[in-house]
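Next come two complexes built around chain A: one with chain B, the other with chain C.
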Partner chain A sequence: MSGELLGKRTQAHLLVSAFYAVTVLLLIASCWLFVSNLDQLFPKPAARAVAGMSKWKTAGPSRSEFGGGFWRDAAFWRSVNLTVVTATGTMLLAAAIGIPAAYALSRYRIPGRSAIDILFSSIIVLPSSSIGLCLIIMMQQSPLFKLQEATGLRLVYTLPGIIVVQLVLSLAMGMSAWRAAFDRVNPRFEQVARSLGSSGWRAFVTVTLPAAKPGIIAGLIVAWVRAAAEFGGILLFCGTFAERPAGSFSSAARLLHVQQADPLSVSMWAQIEYGNVEYGFAIGFTLVLISAISVYTIHKLGGKTFVW
Partner chain B sequence: MTLYGNLRNLRIFPVLCVATVCAVLIGYFALIVSNAVYLGWHDIAYFLPRERLWVRLWLTVRTSTLATALALLVGIPVGYALSRLRFPCRTLMNTLIDLPVMVPAAAVGVFLFGVVKSFPVRQLSEVLGVRLAHNANGIVLVQFAVTVAFSVRLMKASFDAVNPRFEQVSRSLGASLPGTLFRVTLPLAKNGIIASAIVVWARAAAEWEGLMLFVGGTMAKTDVMPFSVYLDWNGGMMGWVVTFSLVCVALAVTSMAAVRVIGGRSYVW
Partner chain C sequence: MIEIHGLSIDLGEFHLRNINLTINDGEYMVLLGPTGAGKTVLLECIVGIYRPHAGRILVDGTDVTRLFPEERNVGFVPQDYALFPNMTVKRNVAYGLRARRAPDDEIEPKCDEMMKSLGISHLHHRLPLNLSGGERQRVALGRALITQPRILLLDEPLSALDENLRAELAAELVRIQRSLHGTFLHVCHSLDEAADVADRVAIMRDGTIVQVGTIAEIIARPASLFVARFTRARNFLNGTARPAACGCRIDLANGVSLAADRCTAQGPITAVIRPEDVQILNGAFQDTDGVIRGRVMSLRAKPMFTEILLDAGISLVVLDRTGRTQEAHVGDELLVRVPPEVVNVFPRSPDA
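After this line comes the complex of A and B, so read on.
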């Protein structure tokens, strides 16, 4: 009897330890993914040796310095600027559209809900190359093209186009987060507020929004990070900007210091393709830092899991 | 009076909310159908039976299925552990696990260089004779790296949905922990696990950004469906580009519809 009990306990012990072990292994692998690349930031001896031989003396990254000397490169800071400006713009737009829409989806009985769910969730698993291509076709081959001509606001291969691409995914992910946040607020509080005489708008602002606040902020962060991490869609829909003549940028772009710069993710890809490996990895680590801070904040706020 | 009050106070806000839903729906719907409308039936019928498409589709299905299997192999135990067991520094740990999802996939692909050329992976791949570079193995590695965190999150949510009371009852009636796991927890979480597996598969099949730097595109060897959209776009073959993109959209919509039918929630918080 006691032997059997002991056997069971050992079994349980083994299983639990195995689960702990797999989790710890995944954690280590997750760290190792980033830590194992730190040596890429330091220039190789061969790069140092040929550093002076280059015929082109540009102000860009040098291959014989830590991280390509990224902090001295003005283009790097313009990239950071562009990423922050576009991601913030996208987040604000996504919030303006997404929060009311998420509220409606969470509270009202809208016909065809499962079709709507399928549509929204398939946007999240759509490849970014597909999103970029669909946007090009939508903007160039539909009445929207005439609208762009008429208003003079071109979207394809321009800086505002970046926000359009980012919005597709950010809105879908933000909406799923905001909807979940509204779902968690008991509609009874709102009904009480309504029965006490406040309007739908007032009940929303004074009761539902404060109650759903952590979830809404987490959704804002998700929208911001996803916008900052967008890469493939921008490559197809907007191309790169770094090589374009300075005159082709509007004065607004120059005022914001975002001219002749790519978003960080595109810039990282371009620099590594050019062969500026140290510089590219420096940009990559910048992106990791941005994401790490955001994810940490989301977990601090919500403490719950989310899926995007 | 109350009717007037109702009209004045209640109508504008809901109408505004529903209008935004409609606007978002129209936008997304236009996005999804734009490929099919642009290409037209004749061209779809022309491109769909071509072998060039099926080679790439088969490659995508093969690699993403393998990557999903690997991601589930890690995701189920870790999801269970995160859902049921105690850990120190939860926030820091969750952040570390979630990080590969929030970092751009292109960056994850780049960072895989360091993993592949360093201690355990390099020796393992040499011993096993599996080359992890510009081939299908590299694709699987990238897809696995991008989806594993995703799968852990989804699995944790599936296990969270199972009431731990059932497990406690089973344990108190004398079942062992493995017995409880296999006969109570896993069957109860079955739908969630299948639904999550489909989501992970769809995400793996949509992965291409990480492939750009780590694997690169070799025609008919490493260009999975979304990657060939980009490659053929650069090659200027618009018909093929739109066809590939159409298939990607079809894969995404079909898998999400399957998730919906199985009954997994499309979002988890």
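After this line comes the complex of A and C, so read on.
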């Protein structure tokens, strides 16, 4: 009997040790990945001679030979611009649609509520490239195609199309956090506020929203980060923009400095495809930094339980 | 005055059926009943959280049935108090005045006065999370009362408090109600709590009101076996009733016979006799009607009385508040009398 117990205790210790060992290895691997590419921050002597690189095809050294200092590349900052602008636009649209929808799902008995829950959960688990494909079919082979022709507004293979793709996943993920936030706020607060003379809207703004703030902000951050990290759907639905002629971009795009730019996630893939692996790593490093800051912010705001 | 006429609502698990109730100005009314009776649902209909399927609610003659909660001027203190967590005590208390756009120079002094009268001035910068149960109750009261509602609805305001605090705060509620000449509707499931505060009580069961009256009326003359049980009557005796000169003659088991002053049912009946209404006889007695001779089966001394189980051919529970049975023992003979006016007669039902 005591032999069996000892055996079980040893097994438990071994399992715990294995768990810790795997965790430590993963941590070391992640840190090594960051540290090994930190040299990309610093331009090598050959690169210092070059004033700047806007067209990787035409300039002398390739981006890998550029030797670091990716932050000196104007194309990199246009990618950053595009990522920030589209992710922010997507986040605001998702919030405008998703926060009221999440509140309604939380507070009211809407027919088909379960179906809506299943639909949004399904979107979260779908591969984003599948979503991109579905959107292409929807835009090119349904009445929406005729609508686009009639209005002259095209979404497939355009910069605004990036927001359409990002919105699908950002909305689903944001709504998950926002619904959880409203579920946690006691409906009694609003009932009491209204009994005290407050209108429904005022009760929502002065009582419910402040009480749900950590979850709302967590949802906004998740929506933003998901939009910024979107890759497969954008590639399928919009393609790449870096090689398109400068004249094909609108004045709005030039005003925002997003012409001939791909979102960071697509740009990272493109650089690795073209052989500029270190540059690709550097862009990936930027994306990881963005994600890490977002996760830290969510934790700090107490929104962790609304997200995972 | 609050009038409810024919109110009905079906919420699936809970429902109300044909509720009729009048609450007079300045009255402290208690809605009493077991869990699931529909007391809170009725309160929520008056607040405006639910719209009834039938019936009307009138507040001072105005039909408020279709009005939004913010249009009714009805104060509400829910069971969990629902203090706004992101606001300090003072901001909680001031919320109603700000919602009604009272002038800023009015809000501050009214808040201070209300908080002083409730003894919570020292809490003005605290958040609700850091308050005790009694403090939260006072803040919730202050928040509701500051807008001078036409009626204040309290949903089990004392249930979350410990026993010592409960009695103290019950007295406090009555004091506040009297000083403001306010109309209160208080929901609870405890007869003792109702007795501490109520001018009148409405007893609810399964979504209907089964009896309305003062505590004394309901205890003395319960309208049904359910009310008798709920108000802690103990002796439920099956027998047969027939009209008699005195009112009603009740024949119980083993030849025991009692008189009742009213024959509210005949044939198979259940007679209900409260233990505290049975008189313990000591020495000579004039009237032999209702006298029962029995043997003491058990004696239990409680703080304020002795509970005696008597075997007199029927089992009878008797409460002695006079101390006459101090020297009694199990097995002793005891003479008791059941006055006709304390016997309540009901048709026998499967519930008995």
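Just so we're on the same page, the second predicted complex is superposed on the first by the 234 of 308 C-alpha atoms of A that agree within 3 Å, B and C clash if a C-alpha of one lies under 4 Å from a C-alpha of the other, contacts with A are read in each partner's own complex, and residues count from 1 in each chain.
Note that in this section a residue touches a chain if its C-beta (ideal position, glycine included) is under 8 Å from a C-beta of that chain, and two chains touch if they have at least 3 such contacts.
Values in this document were obtained by computation on a predicted structure and should not be read as measured data.
S.K.: Which chain, chain B or chain C, is in touch with more residues of chain A?
M.R.: B
S.K.: Determine, under the contact definition given at the top, whether A:Trp32 touches first (chain B), second (chain C), both, or neither.
M.R.: first
S.K.: Please indicate which partner A:Ile272 is in contact with in the superposed arrangement: first for chain B, second for chain C, both, or neither.
M.R.: Only chain B; A:Ile272 stays clear of chain C.
S.K.: Examine A:Ser195 and indicate which partner it touches, taking first as chain B and second as chain C; both and neither are also allowed.
M.R.: second
S.K.: One more residue to check, A:Gly161. First (chain B), second (chain C), both or neither?
M.R.: Touch status of A:Gly161: no partner.
S.K.: Taking the superposition on A as described, I'd like to know which of chain B and chain C A:Gly174 touches: first, second, both or neither.
M.R.: A:Gly174 sits against neither chain B nor chain C.
S.K.: Looking at the overlay, does A:Asn186 come into contact with chain B only (first), chain C only (second), both, or neither?
M.R.: Second partner only, chain C.
S.K.: Kindly list the residues of chain A that each of chain B and chain C touches, one partner per complex.
M.R.: After superposing on chain A, chain A residues 199-200 contact both chain B and chain C.
S.K.: Along chain A, where are the residues that touch chain C in the complex?
M.R.: It comes out as residues 186, 188-189, 191-200, 202, 206-207, 210-211, 213.
S.K.: Quick one: in the complex, what on chain B touches chain A?
M.R.: Where chain B meets chain A, its residues are 9-10, 12-14, 16-18, 20-21, 23-25, 28-32, 34-35, 38, 74, 77-78, 80-82, 85, 87, 90-108, 110-115, 118, 145, 148-150, 152-154, 156-157, 160, 176-178, 181, 199, 202-203, 205-209, 212-213, 225-227, 229-230, 233, 241-242, 245, 248-249, 252-253, 255-257, 259-260, 266-269.
S.K.: Show which residues of chain C lie in contact with chain A when the two form their complex.
M.R.: Going through chain C, the ones touching chain A are 44, 47-49, 68-70, 72-76, 78, 80, 82, 84-86, 95-96, 99-100, 143-144, 147.
S.K.: Using the touch definition from the top, list the residues of chain A that touch chain B in their complex.
M.R.: Counting only chain A, the residues touching chain B are 8, 11-12, 15-16, 18-20, 22-23, 26-27, 29-40, 97-98, 100-101, 103-105, 108, 110, 114, 116-123, 125-131, 133-135, 137-138, 141-142, 168, 171-172, 175-177, 179-181, 183-184, 199-201, 204, 215, 225-226, 229-232, 235-236, 265, 268-269, 272-273, 280-281, 284, 287-288, 291-292, 294-296, 299-300, 302-308.
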